[in-house]
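Shared chain: chain A. Partners: chain B in the first complex, chain C in the second.
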Partner chain A sequence: MSAPPITRGLLGTGHPSLGAHLAAHGPLPTHGDPVLAAAGLTGRGGAGFPTARKLASVRDAARAARTPAVVVGNGGEGEPAAAKDATLLARSPHLVLDVLALAARAVGADTVVLAAGHHQLAGLDRALAERGDRGRVRLVGLADRFLAGEETALVAAVEGGPPLPRGKNPPVWQRGVQGRPTLVQNVETLARLALLARGESAAGHTLVTRHGHTVDVAEVPLGARLGDVLTVDAGVQAVLVGGYHGSWLPAHVAAGATLDRDGLAVHGAALGAGVLAALPADRCGLRESATVVGYLAAQSAGQCGPCLNGLPRIAAALDRLARPGPPPAGLLDDVARWSGLVVGRGACSHPDGSVRFVASALRVFAPELAAHAAGWCTASSSARPFLPVPAVTR
Partner chain B sequence: MTALTDGAFLWYLNRATGLVSLLLMTATVVLGVAVQRQVRLPGLPRFGVVGLHRNVSLVSAVLLVVHVVSAVVDSYVSIGWLDTVVPFVSGYEPFWVGLGTLAVDLTALVVVTSLLRGRLPARVWRGVHWTSYALWPLAFLHGLGAGTDLGSGWVLAGALACAAAVAVASTVAATGRLRSRPPLERAPAALAAVSAGPSPAPFRNR
Partner chain C sequence: MSDRLRVDPIGCQGHGVCAELLPEAIALDEGGYPLLAAGALPDDLRRPARRAVAACPARALHLDRAADSGRSAGRQTPPGVLTGNAQGGLAQ
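Presenting the complex of A and B:
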């Protein structure tokens, strides 16, 4: 399966100005139902939920509750390894802004919010001013935290509170910002909808953040061979797919994997936040993973006991396993047991995602575990971590 | 049947349930504050504190029913069924019995809203639950005035101890002492605690 070729894509606007945007994509047609245009499009925030269904759900919930809905464009990219949403907002902000108004009309919303990192607000404000939309879209700056983009944490931030996740019930599309039905949509999904509404093909591609010799953001066709999208040569030992809530895959498995929902699910992976990281052979996969898990543990919102108590212990154990030398007896069993104790017991999916990452690391780097137990490490490079982890963990 | 309706038996039953209710309601208030302030009791997980608060309060509610029924059934004092819900109309000690009636009404309200907690807006439940702080003093004064035991001796000492416990707990709840760490600071603290120790403390699922 191969997606139809894209004309310009999300990143081919050329310049972030309104003029360049109109020259590249033309004006947004005022007719047409976005729910119809969204057919075949899935969310690009990580969960991959069908966009048309979400739009219809929010619209119906707003009608049933007889209250205007709220539309929130989610540019909260808490994932340190991901840069696709930030890149999109910096290069083609008008694609996202185009669709905010369209989506608001489709679901019956009177409040439109665009949430993004603080450093991006100035550029977005400039783009809003160009369109004369300053009064119509409220910009909300998000804290630099892993969970800031989590749907319910985002709603909390939009309401002015600390970015803490809430429970999954009632769902945000029913009762979100101020108890009103709320459409929370990742900015890449919105930008794709902006192209679909113009009749361009966009649903068959996705933005990925690639980590190899360099780091870049690219628009790639869904259904492509992962090895054609990312350089997975002999110098690569494993590929992290999805991000820090994602999974490690051995290099040979990753290279042949199909880059879509089903193709990755076969290997127990998912596209998640769109991160593809090819770990060089001279790095220690356990050390990289332990650093990430330490970060994830510190980023727990501290609200659910299993997550708050479990992740730090798992992180400490992984840190021990990342050091050469025989580990304490039963430590691996402890990690397995603790992992089982945290899964499914958080208000959000932070414990589940973190444990998925840990399990894949212990599976893929099993040879490295054996080497460490024997007292040595295969890594020859002791440079700074390959996977980016913010220094300040708060 | 004569044994059950015998005046002396009912009188003893009424006094005993009243006294034990005072103890249990005191425990309920103290445990309730522990729940609200997220205090850990030794040997109990946090949900255990919640469960204890709930079960102790339900037991005291059952004792309260026995207390009320025994007072009505006992023909020695003229307290009718109407007096169990309408305050200050009793033929015997209308004021002091009336305080007890008020406390019973509030208890019923608090118990019913708590049993329906999942189906009520949280704000309604919390608002009703706050009346517990009025409920306890009402019941206490009822015990001092209508009761024949609380006024003197070691029972008085126990009653004062209960009052002191509730006063301390209420102060803690009102002033927000024992406030737990803000959520966003908990994870780094937990991480520091785990990595500081030589070996992680056993993580038990409790």
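Presenting the complex of A and C:
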């Protein structure tokens, strides 16, 4: 795998201690407006919302409501194939902690929360103690669920309830934690803000989790050719871009794609959770996809009828299509119809993201569908699944 | 003034009362959950729409005034609004 050139970056301090952090980056300037520093930075959500505008929205909503806002650092990385946020929090916790206080000042917040997986809390607590910030930032452990990092599920978890999505109306920047205007910001975006506030360049890179012969997390330049940051050679048949709400691209298309919002949108893909997975040629793409969709169906919060009804049907159909042998007549049409019936009908984007993944799998692995219909499978490897899928829990 | 129907997807339990009272604008999918006709509600359906809203046992059907829907218009498709794709499914 080619190593991307990067300066100190988000992962570059080498040691998670405060001393190493200060040696690498220096102290955070005590003045300066994070809203200004955030110019040019966009969030990691699907819409790529400008971070500066989000900060300003929360600040204005808090002023209008005459109530202190809440800041929540979102380290809830529910994507089984993603490890970028966990790696960032383990290697550079102080970049994230630096900017939580700054963001709180900027939006007028009196409550600061950092939410992450339970296994991360000890390290984060150590980092807070080093800074004397233990009383200023509340750590919240998140359940190991796909939707744990979904904005409204995160707000519910911070309030101590079950981590279930609530719907976007009203949005959390208006009414989030305890009904107060709430800034929910991905930890990578926060860490980039910590570098920008120091005058370092940071907006031009992104963290990705790469799956190839090995799995690693790297910081790569936005605008790079995807084939230059991930090995996409003759031994690769397709690349999953974004994660389990993302899209499969055929290997030759993926290799030439430009790794940024517009460059991926051309191919119907998005950076999403930052997953880049190069599926080896000896695997069955349909089997891999069916396993993922089974997991996604089981991870539905089960609150919205169309998702609760639709995803298991779609998952069962994918599982059938992943097996060699002629499928029941009309099954592909059924999948298309069921997919159409879940889009836009959930409180969160789980159904939409799941059927986007399904549609890309059926497109990219169409030759495999034909092989299966004819009674055989092109895969020669029966190793355990290439894409990681945790044991299904509900 | 054009109003819009909206379903709270978490609240909706698929009772189907809405589709019975307002078949001009609401159909049920295969699982019994409502599909709303795209776009604004025609003015002549306002009265039956209000009746359907009041009759929803889950209180999950809402009629947003045009002014409200303007304010809350987000980047996201409002829950319950049919996409082109889903409409195709409805037509079949």
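Just so it is clear, the second predicted complex is superposed on the first by the 384 of 394 C-alpha atoms of A that agree within 3 Å, B and C clash if a C-alpha of one lies under 4 Å from a C-alpha of the other, contacts with A are read in each partner's own complex, and residues count from 1 in each chain.
Going forward, a contact is a pair of C-beta atoms (placed from the backbone, for glycine too) under 8 Å apart; a residue touches a chain by one contact, two chains touch by 3 or more.
All values derive from a computational prediction rather than experimental measurement.
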Fit or clash between chain C and chain B when superposed on chain A: clash
Which of chain B and chain C A:305 touches, first, second, both or neither: both
Touching partner for A:167 - first (chain B), second (chain C), both, neither: second
Touching partner for A:341 - first (chain B), second (chain C), both, neither: both
First (chain B), second (chain C), both or neither touched by A:47: second
Chain B versus chain C as contact partner of A:317, first or second or both or neither: first
Clash with chain B (superposed arrangement) - responsible stretch of chain C out of 26-34, 62-70 or 80-88: 26-34
Doubly contacted residues of chain A, that is, touched by chain B and again by chain C: 303, 305, 309-310, 341
Touch list for chain A against partner chain C, complex: 47, 49, 165-171, 303-306, 309-310, 337, 339-341, 343-347, 349
List of chain C residues in touch with chain A within their complex: 7-10, 12-14, 29-33, 35, 72, 74-83, 85-86, 88-89, 92
Residues on chain A engaged by chain B in the complex (per definition of touch): 162, 164, 294, 297-303, 305, 308-313, 315-317, 319, 328, 338, 341, 393-394
Parts of chain B lying in touch with chain A, wherever the complex brings them together: 46, 181-188, 190-191, 193-195, 199-200, 203, 205
